[in-house]
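In what follows, a structure is listed as structure tokens, so that the remarks can point back to it.
Labels run A, B and C following the written order; every chain starts at residue 1.
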Amino acid sequence: MSSELINLTLRVWRQSGPDSPGQFDNYQLNGVSTHMSFLEMLDVLNEQLIESGQESVAFDHDCREGICGTCSLMINGQAHGPDTATTTCQLHMRRFNDGDTVTIEPWRATAFPIVKDLVVDRSAFDRIISSGGYVSVNTGNAPDGNAIPVAGSQQEVAMDAAACIGCGACVAACKNASAMLFVSAKVSQLAILPQGQQERSERVVSMVSQMDDEGFGSCTNTSECEAACPAEISVSNIARLNREYLRASLCGRD
Amino acid sequence: MIRICCTSVGQKVLMALTGLALCGFLATHLSGNLLLFAGEEAFNTYAENLHSMGVLLKAAEVGLLATFLAHLGLAVSTTAMSRRARSRQYDEKESKQGVFALPGGGASNWMLLTGLGIGAFLVLHLVDLKFKMRPDLVYPTDGGAYATVNTVLSSPVSFAAYGVALILLGIHLSHGVRSALQSLGVSHSKWNKLIEIGSMLFAWAIALGFICVLGWVVLSS
Amino acid sequence: MVRVASETLNSRVPEGPVDQIWDKHRFNMKLVNPANKRKFSVIVVGTGLAGGSAAASLAELGYEVKSFCFQDSPRRAHSIAAQGGINAAKNYPNDGDSIWRLFYDTVKGGDYRAREANVYRLAQVSNTIIDQCVAQGVPFAREYGGTLANRSFGGAQVSRTFYSRGQTGQQLLLGAYQAMMRQVQLGKVQMYARREMLELIVVEGVARGIIVRNLVTGQLETHTADAVVMCTGGYGNVYYLSTNAKGCNVTAAWRCHKQGAYFANPCYTQIHPTCIPVSGDYQSKLTLMSESLRNDGRVWVPKNAGDSRTPAEIPDEDRDYYLERRYPSFGNLVPRDVASRAAKERCDAGFGVGDTNLAVYLDFRDAIKRDGEDAIRKKYGNLFHMYHKITAEDPYKVPMRIFPAVHYTMGGLWVDYHLMSNLPGLFVLGEANFSDHGANRLGASALMQGLSDGYFVLPYTIGDHLATSQLPTVPEDHPACVAALQSAKGRIDQLLSVQGTRTVDSFHRNLGQIMWDNCGMARDKAGLESAVGQIQELREQFWKNVRVLGNGESFNQSLEKAGRVADFLEFGELLAKDALHREESCGGHFREEHQTDEGEAKRNDEAFNYVAAWEYHGVGEESTLHKEPLSFDNVPPATRSYK
């Protein structure tokens, strides 16, 4: 596959710090190979900016193979860009045409304050997990791995939920900046597996409460999160969270 | 239980319950109205029977009003929560869900507006037919409910307002019913398609049912 | 001439039969009274499998833990990207596995350059790792009946690999992360994300704290504790292009080295044979395609150099299935190091394919013909999809193009049997230490090692150190802390003050090219010597001409990168010198001067049967070599053959 070179106009959100006002800056970037990944294109932009004495655009990224969940970016109004089931780091420039204007914004949510440019603070997710997204089992306490069988099919559903990479695209894409898909994925995984049963009620109640405290919006069941999710987490997990929550509220201990 | 009223998930559950209760009312209301097709006598008998229920009817009306206000209140509350959750909007925002019939990403984006529209219509509807106080209309003194309905609906103003409101209702329910079921945790990979189609059918059956009644009354008068 | 220390290193491996050492030693080690544990604080740097599991386990025991990571969340450590699985000697498939066999395979796979006692302990605790992870809710693959499923992996004749689809690392890491976040909630772990360790604080020869930079505010922070645990991963990014995450770096380990910790076997690097080739000079990282693909794919290059036909047009008689030709019994399933070198040999000889001529074909044509496209899709669908996404070529129709890439580093900070470095109080876990894989790591063993160190080894051995050491309180204004802080600050100021014209990345690329060309899959004396010179020259250039914009008191990604590349520029030299000194071929270290007539690796057990641990004396100064002799009492060394 031979590569093509395209020219792009980038409209990039620049913001020097959490409290500074931000603005869009336009950059012309020529000779972009269509084989590049989107982040490599930003690397090239940054090299050019530094060479011309301007500070590079800050953006989060790490593994660049779609699993760590560090990369973000709202690209032309879509979380992780136009492809489905794809993170920004796996998006390639062949998805764009010569002469395109590409608008790049950070995730926008009150619970994800902007750190700089396109970098946001997603520690709210960590706090939600620490409020209950685990099984309380100390090291050394475990019975044999085969002591409790888990049906293959059940395990598959748990794994579907466990595949969440915690990138925050669900929040970014949701018109309400709701974190329900993220929270429900963890609640589901542990509600399905026998290992998670002991803390099932407490878990869902405290995770939802933490989610609200962080300032995420409420779920309107638009399923935009599911469409934006690079790990293809299903909204059926949200239904399961709702069930779990009802169950915990009506039947759980107080 | 108190917890339910305060959290985002709890509020959506209550929203779903009140919404479904209102759907139940709509279904009953529509089945009554369909008696218009059976002719003047049948409809009037139904109306008289209904009004003869006395206290029971009053209680139902109060309950209905409370449900409606709760639904509205919860909508305002959750919307406010969601507004706070994103203080600055995106400069550009595109859905990843493909093409929608409505701008901005489907009926779910229009719930508050369609809901408020329906609320406004409800006030008109009560003024028209419950309090019979529409200034521009001369209400018939005899002929029972059938005649009153005919008088009200024959007015071009009513026709337009009712027509618009019913379309809003259809849009509102087309997302509302499915969403309510999801909020209550009704979901199963085997049945989700059916639930989705069923919800959609129910929503538009209600809306189109009322529209048929409206059309029939207008055409037949 | 290499300066060699006269005394050999003491690995503190207890005497006795290898299968009883750990049990006995656990009894012999001193314990910290449960009520006293809360009086001790431990710093854990890094939150991958080793760091996450260590922080969680130590906090559960009652220690006060401070955990640090440079990522925005502890869940993003690069352990998350491990695909294949984790080994354990459960013998669930009833196919003859045992602790002894896992021990044997790992020692042999490491080409007889690992410490037997450590490897045996690793095999011993492997089973409890699986139990622990299951109990945490890690969704390992299951059979229909609900029992745990296994698959086979390279270097073993039994099925002992546990897995969660192609995301085993992710699931294990999230398990450890969640266990740690539980301790955060309980107040036993203080989590510091977006902090980069810049200096180790050593007080009277004992590691007592670290200096970190808060990457958001730019503030330098001093943290002291009773012990410091380094879980900071490998140094593969010294090659610039690798399968590592962009942020992976050697800085934390290198800082410890500069404070006196020995760096062991840096030349042991693993080059993975099946990665997507470089497509252009903008390339920022390489993507691994799982080793499992070689079960059904056939590797070939055209017989005629420069054959310009499309692969489909090249008939079988013009194809060279070189692995099948050279290794008829193992064929396409030879171990990683062998497959990588063979691909390099073909490309060097001019038979490479693709735009750059640096790739070979991995062809599924015959497998699809034999089993049908659906069967292949079922097995490898996600990998084919990923390949398609990156290259825009459909591997169901066109053979994949693959090329080896740097993947893992077996070398690391030297540690004894307690996982403590030669600096008392400094423990090193996971990929950051050198201990368990020798000169080559087997597939599915990295996850095992990280979790073994963190869950089941460190919690015992750290107690012994804390119980037996005098650890007076170190105030933040202690001269050692102040000096470390000044050193970290000085370096930042120095980077910012150069104000040259070249970007950090351009230096990093340059360094990577030098390393790859001279210290890559095959090394020779001339190349290594030239690499040392080139690195020194590049380092000098860097300090004269690097351009780092912005300031130190704010979020500044250029500055972060600059600090890491500066350390790589020092570390790369040590790697090359270690490779230069090791006049033999073993595992991932292939010296062209030392090969058999058939081009296979030739070990020199008489002269090099030791761990090479280097002591730092200054930038560009010759390091002192400390030797830890290795003995193989249980797995007698033999030549690996895959013919």
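Worth a mention:
Assume a contact is a pair of C-beta atoms (placed from the backbone, for glycine too) under 8 Å apart; a residue touches a chain by one contact, two chains touch by 3 or more.
This structure is a prediction, so every number in the text was calculated from the model and none was measured.
Contact tally for A-C versus A-B: the pair with more C-beta pairs in contact is A-C. With centres taken as mean CA coordinates, the chain nearest to the overall protein centre is A. Averaged C-alpha coordinates give centres for subunit B and subunit C that are 62 Å from one another.
Centroid to centroid, with C-alpha atoms defining each point, subunit A and subunit C lie 27 Å apart. Between subunit A and subunit B, the centres computed from C-alpha atoms are 36 Å apart. Multi-chain contact residues, meaning those touching two or more other chains, do not occur anywhere in subunit A.
Against subunit C, the residues of subunit A that register as touching in their complex are 1-3, 16-17, 33, 35-37, 39-41, 43-44, 47, 50-51, 53-56, 58, 60-70, 83, 86, 90, 92, 94, 115-116, 119, 121-123, 125-126, 129-146, 148-152, 155, 158-159, 162-163, 165-166, 189-190, 193, 195-196. Looking at the complex, you find that subunit B touches subunit A at residues 1, 3-4, 7-13, 78, 81-97, 105-106, 108-109, 111, 175, 178-179, 182-189, 192.
The part of subunit A that touches subunit B in the complex is made up of residues 13, 24, 74, 76-79, 82, 84, 103, 105, 108-111, 173, 175-178, 180, 205, 208-209, 211-212, 215-224, 227-228, 235-236, 238-246, 249. By the touch criterion given at the top, residues 53, 56-57, 60, 71-76, 78, 80-81, 90, 92, 128, 130-137, 139-148, 164-165, 167, 170-171, 174, 177-179, 181-182, 184-185, 191, 193, 216, 243, 245-247, 279-280, 282-285, 287-288, 355, 386, 389-393, 455-456, 459, 501, 503, 505-506, 547, 549-550, 554-555, 557-558 of subunit C touch subunit A in their complex.
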